[in-house]
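Down below are the structures I want you to see.
Look for chain A in each of the two complexes below; its partner is chain B in the first and chain C in the second.
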Partner chain A sequence: MTAIIQADTSAAVAGRARAHGTLRYLLRRPAFVVSAAIALGWVVVAIAWPVLAPYPPDQVHPLHAFGRPSAAHLLGTDWLGRDVLSRTLAGSSSVLVLAPASALLAVAVGTAIGLTAGYYRGTVDMVLMRITDAVVTIPGIILDVLVLASFGRSELVLVLVVAAGFAPLVSRTVRAAVLAERERDYIDAARLRQEPAVYIMVAELLPNVLPPILVELTIRLGYAVFAVATLSFFGLGPQQPSPDWGLTVSLGIQYVQNAPWIVLAPAAAIGSLVVSVTILGDEIRAAVER
Partner chain B sequence: MLAARRRPVSMRGLRGYVLRRMLLVPVTLLVVSLIVFALAQLVPGDVGRAILGPYATAAQVHRLDAQLGYDRPLLVRYWQWVTGFVTGNWGNSPVLQVPIRSLIAARIGNSLLLAAVAFVIVVPVSVLLGVLSGLRPGSQADRAISVTGLALLGLPEFVGGTFLLVIVGVLLHWLPTTAQAPPGSGLATRLHYLLLPALALVPVLLGYLSRMARAGTAETAQAPFIRTATLKGLPRRVVLGRHLLPSALLPTLTVVSVQVSYLVGGLVVIEELFNYPGIGKLFLDSALTHDIPTLADITMLLAAIYLIISLLADIGYALLDPRIRLAPS
Partner chain C sequence: MSGPVLDVADLRVSYTSQSVPATVLSRVTITIGAGEAVGLVGESGCGKSTLALAVMRALPANGTIEAGRIAVAGTDVLALTDHQLRAWRGSAAAMVYQDPTSSLTPTLTVGEQVAEVFRYHEGARRRAAAEAAADILAQVGLTPPRQFLGRYPHQLSGGQRQRVVIAMALAVRPRLLILDEPTTGLDATVQAGILDLLESLRGEFIDALLFITHNLDLITRTCDRINVLYAGRVLESGPVVDVLTEPGHPYTAALLACVPRAQDRAASVRLPAIPGSPPRPADMPPGCTFAARCGLATTACETAEPPLGSYRSRAPDARLRQGALGLAGTAGQGGGPARPGTADWLVRCIRAGEPASASPPPGSAPPPPSTEVLLDVHGLTKRYADVIGCDDVNLVVHRNETLGLVGESGSGKTTVARAIAGLAPADGGEIRWHDSPLAGRVARRPRDVARGLQLVPQHPDTTLNPRRRVGAILARAVKRLRGDLPVPELAAAVRLDAHHLASRAHQLSGGQRQRAAIARAFAGRPELVICDEPVSSLDVSVQAVILNLLADLQAERGTSYLFISHDLAVVRYLAHTVAVIYGGRIVESGPADQVFAGPRHPYTELLLTAAFRPGAGGAARPGAGGAGRPGAGGAGRPAAGGAGRPAATADEPGPATVTGCVFAGRCPVRVGSVCETEPPPWREPQPGHRIRCHHPAFAVAAVPGIQPSNGDTVLVAPGDG
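Moving on to the complex of A and B:
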């Protein structure tokens, strides 16, 4: 008994040491450090924008509409005379709630499906994977628009539909990891101890397939920002007068000839966020698979 | 992230593979049609009310429902819709009061032209970049290309499109900012107007294709038959052109289906951004106006196009790969 406990502790220590080593490796990579700094910067802005924004983002000033960038308004004003800088800072909060929520939900559901399919195999596995195949056939954004058009627009449905599109992909990754892991001796031991299946899946298998799940989470986060921003650009996400970036680009694009700063600021904001999150995901994947 | 190199064929040979692969198309379409029909049933409220608005009487709503066939049982309606779709009998758009077929027919050519221009730009550029970086993995150029490709891969089309529109169109005046040429202009003028929207479609496709081409080139460059070709004194041009590239670029062909899927999403975005009357804009407009029959038919059409193109890509791959083409049947 003591021996088993000791083995467990030393395994946990080794796991922690490996995680520590991965982190140290990542911190030496300039691409990781720069993209992590940009992404963290946007998280700070999403929380602290009421302090940072020079004007209230909804303050309308019809006489100062379409103002060029100036000392008073660093990034100019929009078609209602609202301060573009303030709206761009405030616009971070919607995408930084909706995208992580979708990614987390997708990974949670995908992990549950992947664990079940990989552990039971047989019919359960086959049925789950065929459904997954069918969902993957329709291009993601088409399915998202279809569901949002049918159910009506709401941010909750937006999160659910983006997560539903990603969950099958997550489940494939998790299933593949579980298939390799379930043949190990400690799973046989757990079965001999007559541990319930749910306990084996959650307490034995899950901790050991955690690294690919974490990689999946960071990669899905990048895709989630992409999907959420695109759906808000379609007008299927946050509604007016929200300062959401995608919404602002779609409304402001008609003034692009005379006031390009209205769309340039939110477009640059989405660009910096999505590119930094994508590179972050790739760096973490490379570090874990090292 | 990159799809693994597919080896679709066992020893059963090409004909069996092609047959099985072709059979998969109607089966998948059937599943897609069930999903689309189920979603179309979830429209809140009833269809007649949605069209006539809150001031119509219950009798009027009921009459329109009957006229549109919404009072019949689910299975009957599903059967009518599917058989109608297959026979080309697509009915009218309840919102626009126009046959859906003529709506789609008027726009699909525009979308195909835009997609073709984008592909003509993206394929040579991404293959060139991918091969360049794949030949010298780890070099400065390789790292620059792969980081840029990764960044482009994650950039939503409307963001890249907005940058292009502002910089190339508004600030530099190099290209027109509208996608549609004045009516009656020739093909050359139409292509000139389409250049900017097509360029906006490039980044996402470029990121993915160049990464595939790079992976294929880097893997093949290590293969023994390339070393043999080099050691027997063939000029580098021949080694590259006749030995390396054909097998290095095969895996790139298999991701064509993924590309088509990206392209469909991209078309919806770019046609909306440039206000271009293609099938993507029609799709989004019908979504925003709750024109569910039109939406359902476009989705089925897009799924069918997608499945047929990926079928052709897989068969093309099987035909080009000597290991599969020459396998005993």
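Moving on to the complex of A and C:
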């Protein structure tokens, strides 16, 4: 009975109660609350920017080009006289679609690889892990640029290459969790019932390695925002006249001497999103591994 | 000897979970006098460890001492400041926890860790501390100590680690030593070595001892007095011999009855299990906490909690009882100093001492084992790198038969089980099923064959998928194994209630999880169920329930078992035939009754003496007077402890020699160099009973050295005794 009461020391308290405790722990962490508020704020902006933006983001006003921040244009205007605030708000939508898509794809592929390698072990494990090792050894940004340059600059390819860069890292985490989990007795019982391998991986193992996978997802999301912004800065992401942040920074950099607000607004946006999502990932990991 | 060393009075402790306090210890009073060893027994969750942690002032953050007094050697423990507490722990009172692995730091050598105790508590210099560490290691049987000082914990066996932890606890001579399940998880022979060690340290090193265990047998070997704890209350307290022979409280009696006796066989009787489960701290009944499970309970029991009243046994002669336990020469008798408090015997029951249920419940007899061979394992061999997993293992299981596979940890039991199950195929040998060869991997076996061979795994905490409900787990098993019983009936067959089907593993107790695992194995129509230590981590009362269940299922369905265990009492109860494995090789096999009656392989002998030797520790107890039991007792213990302090190396499995007999290194009756150089021959002292040994005693059936007498035959070593 003491075992049931001593929440910290027994396996008795698990599942829902544990998830509940993790959330309560997180809500008491200022770093989590602040970064969650920032990230959530950007999600709201990405969805509701048509309502929030004071001007249409692609409304050109050549006469008002390079306008300083003013009451009419809170963050000034760019080289075509477009409202910087409106463009920054609208620019969130491309990042907040591309980055989560890349992270989700990376986690899905990485989980599949990790489950397969960890469940079969042996040769299958070795082959899969050497392939992922090979992908990891190529510096990510070079790989991405090469692929995007050869396959054309499309947003689909962008998502694919970012995901391809992250999937091996996810697969290692998942594999490690699966290797520990598959030694448990209930897996033996499933094998004695001659359950198909896919059933054991998806129905028996996957639910029990979910916590590290969710942590991976939040961490990869932070990196994905950064990667997508970087690639679009190199011009490999959304193209003009998209208000995408990375693209805007790369185009506006030539005016930074005279009209720094054109670059500063999207740069600050990238910064706030990357930092908040990264802190979010770290906080969640710390809470889960607590 | 002024006052008691430990004085716990009216202690109440509660744990707060989700801001709801629940009382886990209530009005607990325990005193330990100087030179006294007191046992604390109870099932898991009854508050044993909580009491120990409260005494050490080491309760988890959600635990509160609400009332009562704790004094150690006159010091009020509850009044100590945090700073004082740090110096007090270790010097005045020390505690040894169950798992020695987590009590030692993996990154420091044993020598550094033991020396640290001297440096911290006595301010010893580095060099002096190192020498003191060497001394204390020698005292706990790690000889020569130089050999152990430089080792890291992972380079030691479990028994050796526990010796190191005991050395650290005893380093600065605490007045009170608390041992919390110190031998749980250790093999019987290793456990016996630790108990011998404790005996030899009593008096000189150990003053007052509080020994916590769920194993009643260990209490008889180590303690003078016993306290039975149930649902946070002391139900009975008294001299060990009296309490265990003539228990006053029905709960004590019921606990004792759960352990299979020598004559109990699954074919004829079921074990008298205790119905129900202990009350939760949150909803304690107003009356006696045991009333709901008690066969003697009346309405008076349910309304008011009985006081802990003094009790006098109805048995006429105490010595007679001591004789029955083989405890002549122990506490309270002969030349030893009269220990304070040995006379009083307290029982919290209004019907104390009344006889409970009469004889064990009879069981429906299973059909006798048939001659039809179900499983035939021949020459099974498996190696992990250069370690032998198992070597040339031959086993036969007939229909309706239980084969008990006995051995210590690391002996290869589980290797054999996993190879037969097809989970980890062997490198060599053949497994035949219904007289046709069986593929090594379970995935390659025909579906109907695979369905017929199921497993009940060892660990109740990982046997069920924690994310799934029991009902879903069973439903899947029924579907895959083509079972004909619907899930609710399957659950009922293993005495699981309907509401358990909606639960996940963490909501169930260990026994309930193991019942669910048995239900899963029996979802189809298994012909053979491999039970890998299915009861080793369960309390005796729960163990009895599971053993009864296995016996019932065999009687109903005629299933065969390959029952793997290190617990000989359990194997003797359940098994028709027994195979003893050591170092990956079968050293003895035969009908259970013959193996237990003897003659026996020296290793089987060692296992048996380690498991069944009531009160053997009395022989070595200092100050108890007398030299213990003469004759048979000495000869029956051929292994460790022959000369003074037992050496740790003697009672633990060493590396197996590949050429000769695997047991030669530990064998007390080694014949000569032939044991190391030549593989021992199979001898057959009785038809069907085979022993693999060079010893000439086994060459023919009846020879000098094997003395058949009242079923307690002992193999006498040449030149011994």
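Note that in this section the second predicted complex is superposed on the first by the 276 of 290 C-alpha atoms of A that agree within 3 Å, B and C clash if a C-alpha of one lies under 4 Å from a C-alpha of the other, contacts with A are read in each partner's own complex, and residues count from 1 in each chain.
Following the convention adopted for this analysis, a residue touches a chain if its C-beta (ideal position, glycine included) is under 8 Å from a C-beta of that chain, and two chains touch if they have at least 3 such contacts.
Keep in mind that this is a model prediction, so the values were computed, not measured.
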{"item": "First (chain B), second (chain C), both or neither touched by A:Pro207", "value": "second"}
{"item": "Touched partner set for A:Gln194, first chain B, second chain C, both or neither", "value": "second"}
{"item": "Partner chain in contact with A:Asp185 - chain B first, chain C second, else both or neither", "value": "second"}
{"item": "Touched partner set for A:Pro69, first chain B, second chain C, both or neither", "value": "neither"}
{"item": "Which partner reaches more residues of chain A (counting touched residues only), chain B or chain C", "value": "B"}
{"item": "Contacts of A:Gly41 with chain B and chain C, given as first, second, both or neither", "value": "neither"}
{"item": "Chain B versus chain C as contact partner of A:Arg285, first or second or both or neither", "value": "first"}
{"item": "Shared contact residues on chain A - chain B and chain C", "value": "none"}
{"item": "Touch list for chain C against partner chain A, complex", "value": "15, 17, 22, 24, 44-47, 49-50, 60-63, 231-232, 278-281, 421-423, 442-443, 445, 447, 450-451, 453-455, 457-459, 461-468, 473, 476-477, 480-481, 504, 506-507, 517, 520-521"}
{"item": "Residues of chain A touching chain B in the complex", "value": "31, 133-135, 137-142, 145-152, 219, 222-223, 225-226, 229-230, 233-236, 246, 249-250, 253, 256-257, 260, 263-264, 267, 270-271, 274-275, 277-279, 282, 285"}
{"item": "List of chain A residues in touch with chain C within their complex", "value": "1-9, 11-15, 184-186, 188-189, 191-195, 204, 207-208"}
{"item": "Chain A contact footprint on chain B (complex, rising order)", "value": "1, 28, 31-32, 35-36, 39-40, 42-44, 147, 150-151, 153-160, 162-163, 165-166, 169-171, 177, 261-262, 264-265, 268-269, 272-273, 283-284, 286-288, 290, 292, 295, 299, 302-303, 306-307"}
